[in-house]
Amino acid sequence: MQNHILSIILFTPLVGALFLLFVPKENKDAIRWIANVFALAGLLVSLPLVPWFWDKRFEPGFKFMEGAPGNWIPSIGAGYVLGIDGISFLLIMLTTLLGWISILSSWTAIENRVKEYYIWFLFLQTGMLGVFMALDFFLFFVFWEAMLVPMYLLIGIWGGPRKLYAAIKFFLYTLAGSVLMLLGILFLYFHHHAVTGVYTFALERLYETAPRIYSDYGPYAATLLFLSFFFAFAIKVPMFPFHTWLPDAHVEAPTAGSVILAGVLLKMGTYGFIRFSLPFFPDVLTHGRVRFWVMTLSVIAIIYGALVSLMQKDMKKLVAYSSVSHLGFCTLGIFALTPLALSGSVLQQINHGISTGALFLIVGILYERRHTREISEYGGISNVMPIYATITMIMFLSSMGLPLLNGFVGEFSILQGTFMEKDIAGHPGYFWAAWAVPGVVLAAAYLLWLYQRVFFGPVTNPKNEKLHDLTPREVATFVPLLIMAFWIGLYPKPFFQILQQPVEKTISMVRGPDYLKAGATVNAAVKPAETAPQFRVTLDDRGGIPTHGAKLVKAPVAAPKKKGTN
Amino acid sequence: MGTLGFSATDYLLVLPITLLTLFALGILLIDLWIPPEEKWVNAVMALCGVAFSAAAIWNPFRPGILVYLEAHGFSGRPAMLNAMVVDRFAIYFWYLFLAATAIAILMSVRYLETEHENHGEYYALMLLSVAGMMCMAAGLDIVLIFIGLELMAISTYVLVGFLRRDRRSNEAALKYLLLGAFSSGIFAYGLSLFYGLTGSTNLAVIARELANNVLKSEYRPVAIVALLTTITGLLFKIAAIPFHQWAPDAYEGAPTSITGFMSVAVKAAGWAMLLRILILGLLPMRPIWVPLLVFVSIATMTGANFAALTQTNTKRLLAYSSIAHVGYMLLGLIAGTATQLSPDGIKGILIYLLVYTFMNLGAFAVITSLRHRNVIGDELDDLNGLYSRAPVEAVLMLVFMLSLAGIPPLAGFWGKYFIFLSLVSSGHYALASLGVFYSVFGLYYYLKIANAMFMGKVEKDGEKLPIGLTMRAAIALTGIATLYIGLLPNSFIELVNWALGIAQNPNVARLTH
Amino acid sequence: MEAMLHITTLHYLVLGAALFLLGVIGVLTRRNVVIVLMSIELILNAVNLNLVAFSRYWQGMPGHLGGPGALHGQVFAIFVITDAAAEAAVGLGILIAFFRNKETVNVDEVNLLKW
Amino acid sequence: MLFLDHIWLIPLLPAVGAALMFFFGRRLQKSTVSAVCVGSVVLAFLMACGGVLQYTNWGAANGHRPYEKILYTWLGTDTGHLNYQKSDGTPASFRADAGFLLDPLSSIWLLFVTGVGMLIHIYSTGYMAHEGGYYRFFGYLNLFMFSMLTLILANNYVLMFVGWEGVGLCSYLLIGFYFHRKSASDAANKAFIVNRIGDAGFILGMFFVAWLCGSLRFIDVTGFARDHAATLMGNPIVTAATLLLFVGACGKSAQLPLYVWLPDAMEGPTPVSALIHAATMVTAGVYMVARSNALFVLSRESMLVVAIVGALTAIFAASIGLVQNDIKRVLAYSTVSQLGYMFLALGVGAFSAGVFHVFTHAFFKALLFLGAGSVIHAMSGEQDMRNMGALSEKIPVTFRTMLVATLAIAGIPILAGFFSKDEILWQAWKFSPYLWAIGFATALMTAFYMFRLMYLTFWSPSRVTSHEVEHHIHESPKSMTVPLVVLAFFSITAGWLGWPASLGGSNHFEKFLEPVFANAAEKEAPPANESGLGLTEYLLMGLSVAAAGVGWLMASRAYSNAGKGYTEPIAAAAPPVYDTLLNKYYVDEGYDYVFTGRRKLGDVRLGVMGLGEASSWFDSHVIDGAVNAAGWITRSTATFSSWWDKWIIDGIGVNGPAILARMLSYPARLFEWGLVQWYALVMTAGLVGFVFYYVYH
């Protein structure tokens, strides 16, 4: 079971889609039930992964590996290789969760062409999961592109008035980014062959040779190659100024599509950065100006996205631009290249999935009742829909990074991780962090202003007087998100621990193993001296980078103890 | 040794061609006795011809060409006094032609009934043109290649004009004929010059003489003129810009089934001939024709993609798309020959042709199926709401379109993949970038078709589209092939490797964890 | 006899080239489809002339490619003639079909299909 | 050690109350709601008392160390990872615990927050009895208590920040409690967003602290700062850290220039104003600076900034308070002003004096607000003092308790305010006479506007507009007056804890706080000329008492007979000054023009909204424009090429010849092209082009 768990998770939605093919399309309720059952099944089969992964969280390398390099298309060395580490584990769990929620939320929202809708949605689910699981670059690329199609159709068929424009823009824009990546992949493939004499797309093999491109071909070529990946991921994230497909796609997409788009699809870009750009091009990032520009774009995205969303008149567009801002934090954290910022970035990606996913659901609920998303159409919704207003408030707070909710943990880690870095592309870390921090203020501004305009005040529009509050089904879609939001906010330690191994591996691949060693023995220095040690697992029994088995590295236990002052 | 110096082996090796010719003649004969309502027998006959021809190459029960070749180490066997060479390359193309023909025949049955042009000649001409194509693919002597070309061309002229009462069909045929004959003339002129320069009509000898004598002599300019005229003929047949203009007209005017047939089989034959002549005969002149091809391929991709954007006729749109695909394939040829003869690029072309056969035929099959009663069905608007009228076909059409656009994991992706692979491996990064750029570009007009099918306004009647059994078979075959090749391309890649004599799995990682 | 011009291969080639060019110009400029077809025949005849001339040239050459056996060109020419005939036949057939529908043989009226 | 070990229960109790309200509040009776919410705070208060008692014993036995209780690791991996480099290059680890810390400083806050909080909860049961959303109100109030207690008891900056943001949130929710009022929701937004600006500073300040000290635990930070005091003195990182932290404090404690939200926050229900915007939350900034005293003393610049900002805020707000007519606004500006005092104290290094003032201020300012609430309650919601007067007879308890508070805030001896204020003024004098002068002027103004308030409300002739209101005036219920009395008691006595040595006291308060503020720098400072200054101290004390008296006198002269349509003395003396003050120096308007962009400056919108507008214009026109333009160019190129074909090729190729033929009758026949021939021509041209390429290449 453990050997094939990833395949099972990956293909459960697909099985659902194929199963739906044989259900007559007139029988809408049956279709809905079946789709929901499979979506839930997709979530349920992924749950065993949680305890299993938890046990292995400190083990090096990828877990639950499946397949072997070159077993899919031997003649070119492409394989069906799946495997996950902490980063992809979290993203997979997010995907299965949001997948289920989105499908659940579509129950009444989708009334025409129900069968197709669910089929494409389940297809999409498989495509997204594949992206996070693939350890073969080729397989990754296939999933990466393949999942564009269902998303395109979801926007194009069930979207709003400008759906065609949005759908085509989405498809073309993202495809334009990724085709260059294909060339980049091929370059790595040949480079690997030139170095080792072996043709392969296996990620772990490419990790070994790709960093040599910088010395083999020179900085210029390496930078170009970096850019070929960068554009693909930056468009997907989307980073400023490649973001304009996002508002259109979000505004036009059906609610569930938006949830998935914001919750999962955007994470593919950041995931790509972490999984590929960082380990492949360490020298490009640590030398040269590329990092400066990437960081600059991130900062611009943070502030610019927030400013633009401040002025939106359409709720969904507002949330869409807020995504640009939030994802700016994520990329900032990634390219700060510190373990802390990177952990924070991944966590923030999860957070963004949860809170922005919820925000889109929230907008969708109003839309379903009133069929408009104009902010000016609303006002005083608190009076008629109190439960809804409460949930919205919590999710808004989570999105703006209020402590004890999830958003804060991610943003704080990103900012601190960025801040502590002495030199990021010629500037100290605090320079970058200081630029990013206004984003936090602006987030409060645009969200609270939105809240004020929609929920506060008397009910001005008579059409809003009869709105009914959330149904149990709708509440059910929020409950898991709320639980997750509070969990991450209150007790994020498990997440940090899950991320520890992959993050440190990634960082040491970029900055060399010495970078981490510098801080390996630090913790004892700031351990509390006297009080209340009973709740904490101390460093002494698990020092250093944890490795499994007999190779456990013993940390120097006799770290200097700081005497308690005060 | 037979009377003409042919051995029994020679007859064995040309058996597929012979069988096709015989079946063609047979169809013409029995057509006389078949009552009009049972003309489908002709199609069955034609399919039998294809099947027999295929079986002559390989069948499980008795030795065919393959077995023979295997015994001789697969290195290729000259036949008919060195006029042709039956090698794996030829066999690959033969099978390709036969597959395309079989599917085209399946597409034709109901279509011809609808058009009331259900004559035996149609199938006979098809088989004859396939015979011509086979000569082109296997030709070693330029005389045979030329004859094959003309056999194919003349047959297709007629096929394009087969809807006698349709003015568009007449016109397409006339244009195709005039331009085709014109290009044949230019082509033949080039060939005659080559003969004059080298004293031989055999490609291998021509290559040797060019390399050893002609290019070093004062006749070099003549050789260049010969090359240019020859290449003009070749590029005409594959419809590369600026020799492409016949294609949109002919594609639009021809019966849809023939459009499909032409766009894959005729094009593949053109490619087979082009590869044979350029790589076997004119390789010594490589430095001269590679820059030319670079220009042509860029012009082709650019022109065709731009032109396709504004088309409102599906067939015409696909015509331009097929021209654009020629541009990509030319990139493969450039990659394969630019610095040294590398199999990668050629492999790309062969795979491209393979996947293109299925996806393009599939697309045309769907368009053909739109022809019913009073609807011509080749305008973009005719596809509107296809999903509600024929969901399976619509989804498969989507698959074909995405495949044409090169979205993985569909077959079309592999064609592009190997082309770009060869470009990257030979260092043509700029061309590769251009190629991928245009492939995104292409997506736009393919999506126009998808948009019409899935998001277009549903017709008022919304009635189910009547689709015949054979048509369903054709669509299903191509659809399955497109998906199958897309998902599990390995055996097909190996097939192409085999066809080109490339070692399988060179140094591919087969490592386990 | 010295005064009489000795006809060399080159002369044939020049004549062939001239024919070829005439054919091309004819294709490009003539209005009547029948004449266009005939112009194409001219091009093919240029080819034939070339082939036969070259064939003769190579027959006179010693060496492994030359000699009396080098009849390929003439064989090729025969095939080309055949081909030209076939092309003309098909062309005229199509033209008749076209004429029936449109009642014209002028190329400038072949204009239904355009971009 | 029952209470100490379970100190985390103190914040948790109100949190449970809040959670219950959110989940079940709608279905609960008002009495149940009161029982749960008030009960949880009462319990918290009791636990706080117990905890502080136990701590004093524990502390005495343990060298007055802070008591720390760590529940679990909140942020961080707990495995010694997620490390970073401190500014000196040594490694440090990222972590923040859910940990609680009790020391004298937090004890004081703990006591008065739970104490005052409890009283206000009780008061609210009366005040809010007739309001809708009763459960919601108490839920928010409990949530506030949770946040505030977290803020106080946190053992590290991050957890403190949790409380810090939490109180901001509750403040937002409570200000916006009457959410159907636009002004209320505006004020709520303003409060939160301005606070957020401060929070941004707090975050950055925190990072600097972590960068410098390698930890965010208070114990570590304080220890580090004191151990390395010599080397850190004048370190720019310290200055940056402290200044940024102070920005946070400015936001939360309403100092210049971030004070603007606090007066508006009076839109909330009055108990909220009393609890949050007078007694507790706004002192969080003071608490945080006091908590970081070890760092602040290392940067003279920061200390100076704190002192100056404090002093300026004090006089600035007080001057606005002179002319305000809304009873709550007067108190709001008074609060800002008093907070300025506190920062002045902190800035001059008199941390315990500042804390002392917080402590006393909590009681009398809460009392003032609750009293004002009682007045408003009596006046059926009227808040404008111009429509009040002669209430002293009708609501005697309110009147008497408020008088106590007024005397206290004015600095009349023996009452609480006297001790704390004098301590501050005295310390300011020692630091710089200029700062003292500002403080002194503020004291004068304070006395004036407070007595103005008293006169206009209670003593002057009645100016009540409607008879209905007049008739309806009544004393508040017991649940409201009892807290008033209790607070009045403390307003009198709270100051005695800090009875200065110079007046024969022992200043228990300062002694209690000593371990917290035991900075090496301070210790080293010699008690120079303490004796010589003794006289000065008495003199200053006398001066400030005199100032209070003068203020009272002036107010009585101006307002004791203020009938309907009375004139303000300042308005009479200097109308422009009056206008400026009445309009709060036009700061709000200025902010709206320049920073928020809510108002347009001519046709131009500046500020954040201006930037937002510009950005969204840029986004839809430039960036998306570029994307669309790319598409448009492509499509138009394609359209052009088909147009080219239709008109040029067809036109010239087909129709052109006819025109040409007429023009050049014979030679034109050569070019009588049809479409086919055009195609053929292109082919030929291609071929010829190739030939030319090779000829000339």
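As written, the chain order gives the labels A, B, C and D, with residue 1 at the start of each chain.
Criterion: a residue touches a chain if its C-beta (ideal position, glycine included) is under 8 Å from a C-beta of that chain, and two chains touch if they have at least 3 such contacts.
Worth saying up front: this structure is predicted, and the values here are computed from it rather than measured.
Q: Can you list every chain that touches subunit A and also touches subunit D?
A: Of all the chains present, those in contact with both subunit A and subunit D are B.
Q: Which chain's C-alpha centroid is most distant from that of subunit D?
A: For subunit D, the chain whose C-alpha mean is farthest off is C.
Q: Which of the chain pairs holds the record for C-beta pairs in contact?
A: Answer by contact count: the chains A-D.
Q: Closest chain to the overall C-alpha centroid, by per-chain C-alpha centroid: which is it?
A: Centroid comparison flags A as closest.
Q: Give, as an integer number of Å, the spacing between the C-alpha centres of subunit C and subunit A.
A: Whole-Å distance between the two chain centres: 69.
Q: Report the inter-chain centroid distance for subunit B and subunit D in whole angstrom, where each centroid is the mean of the CA atoms.
A: 75
Q: Suppose each chain is reduced to the average of its Cα coordinates; what separation in Å results between subunit C and subunit D?
A: One centre to the other, that is 95 Å.
Q: Let me have the rounded angstrom distance from the C-alpha centre of subunit B over to the C-alpha centre of subunit C, please.
A: 27
Q: Quick check: what residues of subunit D touch more than one other chain, meaning two or more?
A: 641-642, 675-676, 680
Q: Using the touch rule from the top of the page, what residues of subunit C touch 2 or more other chains?
A: 24, 27, 36, 107, 110-111, 114-115
Q: Could you list the positions in subunit B whose residues touch two or more of the other chains?
A: 174-175, 178, 182, 186, 307, 444
Q: Hey, which chains are touching each other here?
A: The set of touching chain pairs is A-B, A-D, B-C, B-D, C-D.
Q: Report the residues of subunit D in contact with subunit B in the complex, numbered from low to high.
A: The contact residues of subunit D facing subunit B are 634-635, 637-639, 641-642, 675-676, 678-680, 682-683, 685-687, 690-691, 693-694.
Q: Any idea which subunit A residues touch subunit D in the complex?
A: 58, 169, 173, 241, 243-245, 304, 307-308, 310-312, 338-340, 343, 380, 382-383, 386, 390, 397, 402-404, 408-409, 412-413, 415-417, 419-422, 430, 433-434, 437-438, 440-442, 444-445, 448-449, 452, 455-458, 490-493, 496-497, 500, 504, 516, 518-526, 528, 530-533, 535-537, 539, 542-546, 555, 562-566
Q: Help me check something: in the complex, which residues belonging to subunit D touch subunit A?
A: Per the stated touch rule, the residues are 22, 26, 65-86, 90-95, 97, 99, 103, 158, 161-162, 164-166, 169, 172, 176, 179-182, 184-186, 188-189, 192-193, 196-197, 199-200, 203-204, 207-208, 210-211, 214-215, 217-220, 222-223, 226-227, 515, 608-609, 611-613, 615-616, 619, 623-624, 627.
Q: What part of subunit B is in contact with subunit D in the complex they form?
A: Per the stated touch rule, the residues are 174-175, 178-179, 182-183, 186, 224-225, 228-229, 231-232, 236, 242-243, 245-246, 288, 292, 303, 306-310, 441, 444.
Q: Which subunit D residues qualify as touching subunit C in the complex?
A: 641-642, 645-646, 649-650, 654, 657, 669-677, 680-681, 684
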